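Next, two complexes with chain A in common: one pairs it with chain B, the other with chain C.
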Partner chain A sequence: MARPYKNNYLPSFDGIRSQVLGHPKLEGVIDNEVREYLAGMQDECFASVRFSRPHHSPYIQPRGGYATFDRQQKLTKALSEAGADFLPLTIDSYTRHNDYDRAQLLLEKSLGDGKDYLNGYPLVNHGFEITRLLFTDLNKPVSLRHGTPDARVLVEMAIASGITEIEGGGISYCLPYSMNYPLDRALLNWQYIDRLAAQYSTPERPIHREFFGPLTGTMVPPAMMIAVSIIELLLAAEQGVCSATVAFSQTGSFFQDVATANVFRKFSAKYLQELGFTDMKVYLAYHHWMGAFPPDRRKADYLIACASLTAKIIGADKVITKTRDEAWGIPSIQANVEAIQETNYVMSKFISTSSLNSPNIERESQLIAREARSIIDAVLDMPGNNFWYSVNRAVHMGIIDIPFAPNLANRNRLLTVRDGNLAIRIKSAGSVPLDDTAIEEERALLQQYPSSFISTADQMLGDINVML
Partner chain B sequence: MCTQDNPNRIVIGVIGHDIHAVANRVLSAVLEDAGFLVCNLRTNNKIQDFIDAVQEVDAHAVLVSSLNGEGENWCPGFRSQLAEKGYENLLLYIGGNLVVGEADETEVVSRFRSWGFDRVFYGATDLNWVISLLREDLANGAAL
Partner chain C sequence: MKAYIDIGSTILKFALINNQGSILSQAFYERSYEEKITTQLDRVLAEHRKKSQIDAIRICSSANGGLRVGVLGLTNTFSISIVANLALSAGANVVVRDVFNELKIGPPIELDVLIVTGGIDCSNMKQLGNKVKTLNLANYQFQSLIYAGNKYLFESFKSIFPNSKAVDNPMGTDLSLSSEKLIDVLRLSYIEDLVDRKGIEELHKISEVPIWPTPGVVNLAFEAAFSSSLGAIYPTPFLVIDIGGATTDVHFGLECLSETTALRPGTFRNSNRHVFAELGVFASKASTEIALKSHERFFDLLEVIYQENASNKYAEFTEYEMDKDFLFVACFFLALDALYFNRNEMVPNLNFSKISSIVITGGASQSANIVWLQTVIDMFLSENSKRSIRIIFDTNYDMWTYGLEKVSPI
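Then we have the complex of A and B:
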């Protein structure tokens, strides 16, 4: 069996790295210089350090990326002043697809016209020297937010820029974020990134990794968010990563969110312990609603308030915010600032001191745990020599199956619907290995709380647009 | 002539490095439900991909989507490239978040119209309305 194990490092990392560093855009990125730069940064700039300190409310992490340095700098300052605990650097879609040449043309056009033609910050084109200036003196950790199957050049540039938290993973940044990118290559690219993060880490100040549990943000059952995140956590642990965040997004059902958080915590600890990765520190992040957002800005605000409340109640270590502009495209600086203020207001006015439980939550937790365990154990029990390759095969076999993921490797046979409580129910498991008890329980819950839709098409639209 | 046995063939897809797959899948299902034959190019397409598909299925209409705002970068010249292959009258729609950030709707619509799009749907749009317009336009037989 290809179980993950300690120090199972990516072979010939150094050789691959010298090739990656040979990329013309990475001219000037020198390992020793980057280490010195990181060593000169304040403790507060390290995500891992911030997470390890006591915090009584989730840290607030906005998103945000604009084409030009000047606008990005304005945004960064505004976010920091508004009370963001973590600063974002969100990357444009051209860079996410390694299309640095077009990103360069559109960056120049943006500068010329005084108007953004990129939906994020083209970090590889800006380079690390100028990007460092965005964050100096702010003394806050910066998180790289993207969606890149091959992020090796990007992450080299990010760490060189002083970015200490890297989001993504071989599954979560490939299947939902590309149509044709081969999964096996994405998994190996992300092993490189995990190893790179581990190599730049020091025992006191590790480079922090975060896994993108929300996936497509649309009708993904909690068990799949958990299974994918824990698999990515184990893949990172193999490469020596020792500080990481697992994350999920608002499901649409409050008690399903509480149950998901319970299982996430329990299983992260359980699998790390069982497989011998005892030095890994794991935290939990919660994403505001990641699905179709209401175009009505007032409704968007209500949704953000509800999500912030949930983040507080489940005791998330971090909440990643959306804005009221979400349905309309890239948000303005003002919308981002107001989202932070709103999130902060809700979370600071609502103090919960004990964990929440009820028969509903208990029932849901048990079901999610049963399903997540089936998926993770099926991957762990696959024959073979390397865990990453088991993961690759598990996707192709449909053991891991992500609703609405565009990648051609994804099976798309797992069907989910919302029940009358708006919880996400598995209607058909496809090739996802769930046992009869779980399938029957899903069916029983769907019967107990039936949805009001009659036709399949109406149900699909209604489930996706549930928050509109 | 299009009949029930020979339904209208519609090419749909998301343009640019845009991976927003959900609405694309919904649109595909809704069009099929409405009796159209859908050739779905899914995500990550350039103009040439749409033209190749139009030729392959001899399409009656092309519906382009943009969710991440890349639309404005990829769409100039869409009609002229179609015309080069003899499709100057093919129905051409686009919808979604067509530009990066906030912009004036009238200005955006007129820009995309100038690139040869017959109808431009800016922001959230009722798909049933789009389908009724599509039916009307197809019945009228030519580009607007």
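Then we have the complex of A and C:
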């Protein structure tokens, strides 16, 4: 069985790295210089250090990226002053798809016209020297937010820029983000990134990794979010990563969120322990609603407030915010600032002293745990010698199946709907190996809380647009 | 030690491989058509056995131009693309892609294998069923007939063409590639095809692996390179280009496909092969010259290669034949041009800014001019990204040896 094990490092990492560093965009990125730069940064700039310190409320992290340096700098300062604990650097879509030429063209046009033609910061084209200036003196950790199947050049540039938290993974940044990119190569690229993060880490100040649990953000059942994140966590652990965050997004059902958080915590610890990765520290992040956002800004505010409250109740270590402008495109600086303030207000006014429980939450937790365990164990029990390759095969076989993921490798046989309580239910498992009792339980819950839709197609559309 | 052998139409390539998979020595022999291939091979092996112990032998073959495959579609878009793509990846030579009952003039096309395809696996396909009943294969003369279409119609197909065999429908239940079984069947057909040719069957007995076509071996190496130490030698993503006498082969990954390509991404594998059948330095020399001379950037190409001597070369090449060194450049240029610009919907359109390196393998890796090829690449890149694609010559035939190493015994 291809179980992950300690120190199962990516073969030929040094050789591959010398090739990656040979990329013309990485000219000037020198390992020793980057290490010195990281060593000179304050402890506060390291996500891993921040997470390890006691915190009674989730850290707040907005999203945000603009094409030009000047605008990005204004955004970064504004977010920091508004109270963001973690600062974002969101990358544009062309860079995410390694099309640095087009990113350069549109960066120049943005500079010329004084208008943004990119939906994020083209870090690879800006380079690390100027990007370091974005964060100097702010003394806050910076998180790289992107969606890149081959992020090797980008992450080299990010760490050289002083970014200490890298989001993504071979599954979560390939299947939901790219139609064509081959999954096997994405998994190998992310092994490189995990190994790179481990190599730049010191025992006191590791480079932190975060896995993108929300996936497509649309009707993904909690068990699949958990299974994918735990698998990415194990893949990273193999490469020597020792500080990481698992994450999920608001499902639309409050008690399902609470149950998901419970299982996430339990399973992260369980699988790391069982497989011998005892030195890994794991935290939990919660994303504000990632699906179709209401265009009505008042409704958007309500949704953000509810999500912030949930983040607080589940005891998340970090909450990643959305803005009231979400339905309308790239949010303004002001909208982002207000989202931080709103999130901060809700979380500071609500003091949660004990964990929440109820028969419904308990029942949901047991169901999610049973399903997530079935998926993870099916991957762990696959024959072969390499865990990453088992993961690749598991996707192609439909064991891992992400609703609405556009990638060609994704089977798209898993069908989910919402029950009358807005919890996400698995209507048809496709090839996802769920046991009969789990399927029966899903059906029973669907019957117990029936939805008002008559046809499945109408129901799917209604479920996607549930928050509008 | 192992002996790796590539039997070509004109050259027999021999390599001695140590237990770590590295080449210790290589030798090239002109194919002697006055004796059986087995006789020549025995002689070559005896010569090497005097110096080294050979424990095992692996053979591939690029002789006879590969398996001649025709693809006939009952429907006219996705199935043909998918099947042709699988056939190319198997190392076959796709000589014709036709649509159902097209009117043809002239003698039947000679093929080793005819593949009939079309439709997804849906049970209610009345129109497709009618096409099967009225299918006319008189345009083709073939050794073997494979049905790779809607699975519910195979019985009907078989009743009309009793000697046909079926493989899983490559399209399955949607319009994307879902089964690669056809590749295995074609590789097997290649072996049978070779065995049937006089004198070849003996080779089969001495090779510890099935004899695959050489392009299929290279494609296998390309596919596996990303997860092996080759990934550390060639910056990924990379293309592999083999400029040969008759054809120019390009092996490319799905991740380099441009979003503007006319071909549906779902019709591709992760690792694909495209063949420019009209580009080559010997058998296809004339068609290469014609294509280049009529190209709008012919003089631009001469200028970047020959600089101040471009006018003289222009005069020379318009009157006389091009030399081999320049023909490598011509094939390379025309292949890149076709891949870069979306001119022909049968050619995949690649996004060059996503490519990190181009590996030149085969004969060109031994004799083409690396500086010239690098200059050609720069013609397709913006000022900003010049030199961002590296040319690497596979001078040790790593792609070939690695591919042969990866072929599994039956």
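Operating definition for what follows: the second predicted complex is superposed on the first by the 468 of 468 C-alpha atoms of A that agree within 3 Å, B and C clash if a C-alpha of one lies under 4 Å from a C-alpha of the other, contacts with A are read in each partner's own complex, and residues count from 1 in each chain.
The criterion applied here is as follows: a contact is a pair of C-beta atoms (placed from the backbone, for glycine too) under 8 Å apart; a residue touches a chain by one contact, two chains touch by 3 or more.
Keep in mind that this is a model prediction, so the values were computed, not measured.
Colleague: Return first, second, both or neither, reflecting whether A:Gly40 touches chain B, chain C, both chains, or no partner chain.
Modeller: neither
Colleague: Please work out whether A:Pro295 is in contact with chain B alone, chain C alone, both, or neither, and reply first, second, both or neither.
Modeller: first
Colleague: Please indicate which partner A:Gly329 is in contact with in the superposed arrangement: first for chain B, second for chain C, both, or neither.
Modeller: In the superposition, A:Gly329 touches chain B alone.
Colleague: Give one of first, second, both or neither to describe whether A:Met460 is in contact with chain B, with chain C, with both, or with none.
Modeller: Only chain B is touched by A:Met460; chain C is not.
Colleague: Of the two partner chains, chain B (first) and chain C (second), which one does A:Met179 touch, if any: first, second, both, or neither?
Modeller: So A:Met179 meets both chain B and chain C here.
Colleague: Touch check for A:Asp99: first (chain B), second (chain C), both, or neither?
Modeller: A:Asp99 contacts both chain B and chain C.
Colleague: Does chain B (first) or chain C (second) touch A:Pro54, or do both, or does neither?
Modeller: neither
Colleague: According to the stated criteria, A:Thr216 is in contact with first (chain B), second (chain C), both, or neither; which is it?
Modeller: It touches chain B, and chain C stays clear.
Colleague: Counting contacts the way the document defines them, which residues of chain A are shared by the two interfaces, the one with chain B and the one with chain C?
Modeller: 97, 99, 102, 179-180
Colleague: Taking the complex as given, what residues does chain A use to touch chain B?
Modeller: Interface residues on the chain A side: 67, 93-94, 96-97, 99, 102, 106, 115-119, 147, 176-180, 216, 218, 291-292, 295, 325, 327-330, 332, 404-406, 457, 460-461, 464.
Colleague: Okay, in this complex, where on chain C does chain A touch?
Modeller: Residues in contact with chain A: 176-177, 226-229, 231-237, 253-255, 257, 265-266, 268, 270, 351, 353-354, 356, 381-382, 384-385, 387-388, 390.
Colleague: Show which residues of chain A lie in contact with chain C when the two form their complex.
Modeller: 11-12, 14-16, 18-20, 22-25, 97-102, 104-105, 149-150, 179-182, 184-185, 188, 389, 408
Colleague: What residues on chain B touch chain A, complex-wise?
Modeller: Against chain A, chain B makes touches at 16-19, 21-23, 25-26, 29-30, 33, 42-44, 68-70, 72-73, 97, 99-102, 123-124.
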